[in-house]
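These are the structures, in structure tokens.
Each of the two complexes below includes chain A, the first together with chain B, the second together with chain C.
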Partner chain A sequence: MGKLSRLILKRLGLGLITILVVSVLIFFAVELLPGDIAESVLGQGATEETVAAMREQLGLGRPAVVRYFEWLGGAVQGDFGVSLVSGERVSAAISDRFVNTLFLASYAAVIAVPISIILGVFTALYRNTIFDRVANVATLSTISSPEFFLGYILILFLAVRTSMFPAISSLSGSMSFADLLQRTFLPMLTLVLVVTAHMMRMTRAAIINLLASPYIEMARLKGTPPWKVIVKHALPNAWAPIINVVALNLAYLITGVVLVEVVFVYPGIGQLLVDAVAKRDFPVVQACCLIFAATFILLNLAADVGAILTNPRLRHPK
Partner chain B sequence: MKKRFTDEDVLLKIRDLKIEGYSDETWVPIIKGVDLTLHRGEVMGLIGESGAGKSTIGAAAMGYARDGTRISDGSIEFDGMELTTASETERRALRGSRIAYVAQSAAASFNPSHKLIDQHAEAPVHYRIKKRMAAQEDAMELYERLRLPNPREIGFRYPHQVSGGQLQRAMTAMAMSCRPDLIIFDEPTTALDVTTQIEVLAAIRDIVDQFNTAAIYITHDLAVVAQMADTIKVLLKGEEVEEAPTREMLENPQEEYTKSLWAVRSFHSPQRRRPADNTQPVISVQHVDASYTGGEKVLDDVSFDIYPGMTVAVVGESGSGKSTTARVITGLLPPSSGQVLCKGEPLPPRYQDRTRDQLRQAQMIYQMADTALNPKVRISEIIGRPAQFYSGLRGPKLKQRVDELLDLIELDPAKFYSRYPPELSGGQKQRIGIARALAAEPEFIICDEVTSALDQLVAEGILKLLDRLQSELGLAYMFITHDLATVRSIADEVVVMQNGKVVEKGPKDEMFTPPHHPYTDLLLSSVPEMDPDWLSTVLEERGVDNLGEAADV
Partner chain C sequence: MAIFVILYYSALIGASCLAAYYNKRSAFLLLFSLTLVSFVLGIVGGPSALRTVAIFAGALALAAGTSYAFREFLIQITRPNTARELRTAPLTASFGMFVIFAYTIAGIFAPWIAPHGEAEVIGQAFQPPDQSMILGADQLGRDMFSRIIYGARNSVGLALMATLLAFAMGAFAGLYAAVRGGIFDQILGRIADVIMSIPSLIFALLMLSIFGTGLHVIVIVVAIIYSPRVFRLTRAVAGNIVVMDYIEAAKLRGEGNWYLIRKEILPNATAPLVAEFGLEFCFVFLLIAGLSFLGLGIQPPTADWGSMVRENATLISFGDITPLIPAAAIALLTVAVNFVVDWMLFRSSGLKEQ
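On to the complex of A and B.
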């Protein structure tokens, strides 16, 4: 086990370093803006005095490196500073929103991941049949249409024409869990449709890729039925690529939801980001970017670790 | 081994079998009408070159057509059941239970994700022949009969935790799990070292005897088939050449093709001696230790000299450090201590630090010509690039040089100049590999198992070509091989390696006459001979428990 835990620790360390590098990029990208934050926030109409006052308030007179470490130190403790627009603490503004985004992402993931993998296994089993083609064409068409378009189509048919689900997914604190699920059904479905194709096709490809292996032929020559050949002999060896694609798509569910949240007016972090960018609220933008980056890195890290754990050579060393 | 078979005992009857394969958008015949009759308890050897259709017939005997092939005509009758018209479910019900299969590479044919014993128990549990626990008990008993070490424990390991020879025996045990009537052995020892091969052969022969199982033994190695089979059938390009009982076939082959197979080891290059004057060796490996990053020592104090115009064969089992030595000489792996001299001058340890002229001296020809040639690059460029790099030739001069090189390797320049590697046969590809090495105008070439992926007749051609080039161009070869027959035919000097050490070295004639170092002796006596009694004799001499891995040297 020593080798395995060392390998995993190494990955964790690499992940940490990546987040640090990203934080540097995020912080200094804002510094690179022409003029400085005070000027860009206040716009061209601002007087010299107001700009100077703002600089003073934000502490812009001190070197960027010092401010970076202050910002990072705060961020590690969950303090991202104060919003320039509302004066509210950024962490307070973000935390509710982030929980909402996580909820929507998990809702979509719980449905999309099993469906994709099961569909992938079945399309591999019945490859090149009508079923396979229909599944491929259907998922490919959903992935190739832009998600806001998918969202509007779903609103048209499931909300406007049949009014089965609400078109707008605004939330209130007093809703029951069932209400919540119903309210967020359409954005969830949109996300599911967007991510399924990718995961399903990877599962299918990873399995089919293995079907030419000698051990698959051996399983067939032992009289193993076709479904068992796929589920018992191919799938366990196909996990590594599948886990990676699943992680990428999970990350997308969190970081790529901006458009879907806007379409359904869902109070998630994506909408907050769009608002903050429009209002040049840099502390909020920086915080959102850092959270997105951390999610991405964390999920990929989890995928790496998952791939290591499914490799029998690493799990059972000689 | 003498058995009499009668018509009532017929187990498998194949008549006028035709199989087609799909390639280039059409179906082309692979098997062109083969008959085969196998009796209960009979072992039939199928031999022929690659592409002869041996494995395809083996699979067809299970009613199985590999992906991209189809059984187009003929009948396959197994124990009264016609397989060509049976449903897929009926055919599948035979596989594993009544007909089992042992594949060439056990390492690739065991599923890496499951324990050996679980894979073993899969068929008996599936067919409800045994409960899981009983199947596992039975597996341990079979492991014991096949003389696997720790028979009660070894099954609970994963395939990568077990050595190649042990895996091959575990696979034979797996084939026995349902006590089938027929086992197809598809080149079961081809991927193994000679010292390991012998124990697998003995184990297979024993177990097949004990259970009176019929077997089809597919191989390209005549000496192996002579030990295993009651009858031998020779195939060529999807057609039968001839069939006869083993002894008769060996002593008195009827057809020209069979005779040519039998005579294949006739090529012998006369043995050269080291120059008597004090010529410097072209390559001198001196006290080299090497290891891969952070790993254990792979080479331990390796020293030997290669003199101009001579062939030094480096032999040993896989993992003995033969190829690592080659990597040290070429500079791909810098040694941790010791040095390599080229004509008295020390070579920089890393190839990046070597001059063009030093790089030129160490050219390589690889085992798998398939993977060593870029499939998307024309032959003219494959050979032309080193010619341009080392000699600075351009334009018409470069073309002339490539033509010259193609002539040297006996391929018609007009025909091959602008072709791509996938259009070539295995032997032709290997010739291109040789031409690429020659393009650098080296004095020394490393040949890494260059003939082991080739059929015997083709390999013979390559050896003759290398020999001719050697005398015409005065080349020195370091010939890495595990095949002692090749060593006999081409080497001048022999270096025997084991576990990263040189255990013995000397001129060929001395090396092949006793007394040997015990390890050399083990290697030499493990090479199968054409005599059908060879295996039994060796087993008697060594005792069954003193084979291969078990033999302590």
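On to the complex of A and C.
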């Protein structure tokens, strides 16, 4: 196990370094602004005094490196500073929305993951049949459509023409869970469609890759029944690619969620980010970007660690 | 209505019989299963469902026919070598080529095709379709159809520019890294890792919030975000070529890095790079469409598909599908490019299964 844990520790360390580098990038990108934050937020018409006052308030007089470590220290404790537009604490604006976004993403994941893995395995088993071809064209079209296209199609058919589900996901704290699931059904479905298509194609490719390997052919040639080939021979080696596919697509959900939230006016962190970008509210933009990037990196990390853990060659060293 | 139903079924059954008589197995299966499906749907949903099925099947048949004719046309006009390659193209690929061709024509000749200017206000806001405006007017009373045609020029043009830049940067860096190797290669690789570890849309939003939404900013930011993908692929492909004997021979002849890249590596790396260009274009196109949908892409009054969807989204709540047409245009082009890329990958690489 020594080799295995060393590998995992190495990967975790690499992930941590990546997050740090990305946080540096996110913080210092704002420093690239022509002039500085105060000047660009207040605009051309601002007097010297207001600009100076704002610089004072943001502590811009101190070197950027010092401010970076203060920002990072705060971020680790969940404090992202003060919004430039509303003057509220960023963490207060983010916390509820972050929970909402997580809810939407996990709702979508819970439904998308089993469906896409089962369908992916089936398309791999029955490849080059009419079922596989239809699935191929369907998933390709889904992947190629922008998320907002799928979202509006669903709104048109399931919310406007038949009014089965609400087109706008307004949430309140007092809703029952069933109500919540119904209110967020359409954004969930949009995400599920996109992610399922990706996940199915990747599962299919991984399984086909596996089925082409010589030891599977050997098992077939010695007369093992097909289900046994899959369950006993293919599956133990298939877990690694499948876990990888799942984690990568959950990471993909992170990006997809931004557009979907905007389409359905869902009160999540993606919507907050888009609003903040339009208003150039840098502390909020930085906070949201850091959260999205960190989640993305963590999920990729989980994909790698999962792949290491389920690799039979590493689990049973010679 | 009854006449339509009778005609529909007799046409289907007649065609199935013909196919069966001439031993066209797949055509017969296709036609007859369509007959059965429409039979079930006709009982459940009545003539209107039948009509939908008929329209859908007709559209599919039309697309297949167009792609077949377009492929034959291409085979006729190209030289024998290319023509032989084209013969292997599946219908999906030739459909993709036809769509790309149509978009190119629409983009280049937009001012002649579009009946009105892209920023020209000619009617009331959301005016319904009439003689002069096929698709009606948008939220400011501009002709929707003309704006969609101009969108082919603006949206696709911008995405194409960004892809070209990303490709030039990524491919050059990848080739150079493969030839140079050593610390230079390592540094570029780590930079690519960092850029790829941030979700592309998030990175783009961060950069656009800082540098504003000028066209050149979008092109450069998007190119930086997607060049690492190209870099990795080029680096991998070129890495396999660099160890070949003929490269060694060229080095011993005393050829410089630039010569190696241009004359020895590039010709052998063209096929995967061309396929990657198509894929890359799809990613870039979707990202830029997403950005303009969020109001951060091409700024008004320039016609752009992403922002057109956003601006006219209110119409959807009245059950109107017009705002979805630009979004469908985006999807159609991406599907088309993907179809062509699929075929190229299948032809050029080890994706041939068994």
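Everything below uses one rule, namely that the second predicted complex is superposed on the first by the 311 of 318 C-alpha atoms of A that agree within 3 Å, B and C clash if a C-alpha of one lies under 4 Å from a C-alpha of the other, contacts with A are read in each partner's own complex, and residues count from 1 in each chain.
Everything that follows uses one rule, which is that a contact is a pair of C-beta atoms (placed from the backbone, for glycine too) under 8 Å apart; a residue touches a chain by one contact, two chains touch by 3 or more.
Given the structure is predicted, the values throughout are model-derived calculations rather than measurements.
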item: Partner chain(s) touched by A:P236 [first = chain B, second = chain C, both, neither]; value: first
item: Residue contacts with chain A in the superposition, chain B compared against chain C; value: C
item: First, second, both or neither for A:W227, with chain B first and chain C second; value: neither
item: Contacts of A:F69 with chain B and chain C, given as first, second, both or neither; value: neither
item: First, second, both or neither for A:A212, with chain B first and chain C second; value: both
item: Touching partner for A:F28 - first (chain B), second (chain C), both, neither; value: neither
item: First (chain B), second (chain C), both or neither touched by A:I153; value: second
item: Contacts of A:S144 with chain B and chain C, given as first, second, both or neither; value: second
item: Common interface residues of chain A - those touching chain B in one complex and chain C in the other; value: 212
item: Contacting residues of chain B [partner chain A, same complex]; value: 59, 62, 64, 66-67, 92-97, 100-101, 103-105, 108-114, 122-123, 126-127, 157-158, 160-161, 174
item: Chain C residues within the chain A interface of the complex; value: 92, 193-194, 197-203, 205-211, 282, 286, 289-290, 293-296, 306, 309-310, 313, 316-319, 321, 323-324, 327-328, 330-331, 334-335, 338-339, 342, 353-354
item: Chain B partner contacts - residues on chain A that touch it in the complex; value: 211-215, 217-225, 232-233, 236-237, 312-313, 316, 318
item: Interfacial residue positions of chain A with respect to chain C in the complex; value: 18, 21-22, 25-26, 29-30, 32-33, 127-128, 137, 140-141, 143-149, 152-153, 155-156, 160-161, 167, 208, 212, 251, 254-255, 258-259, 262, 273-274, 276-278, 280, 282, 285-286, 288-289, 292-293, 296-297, 300
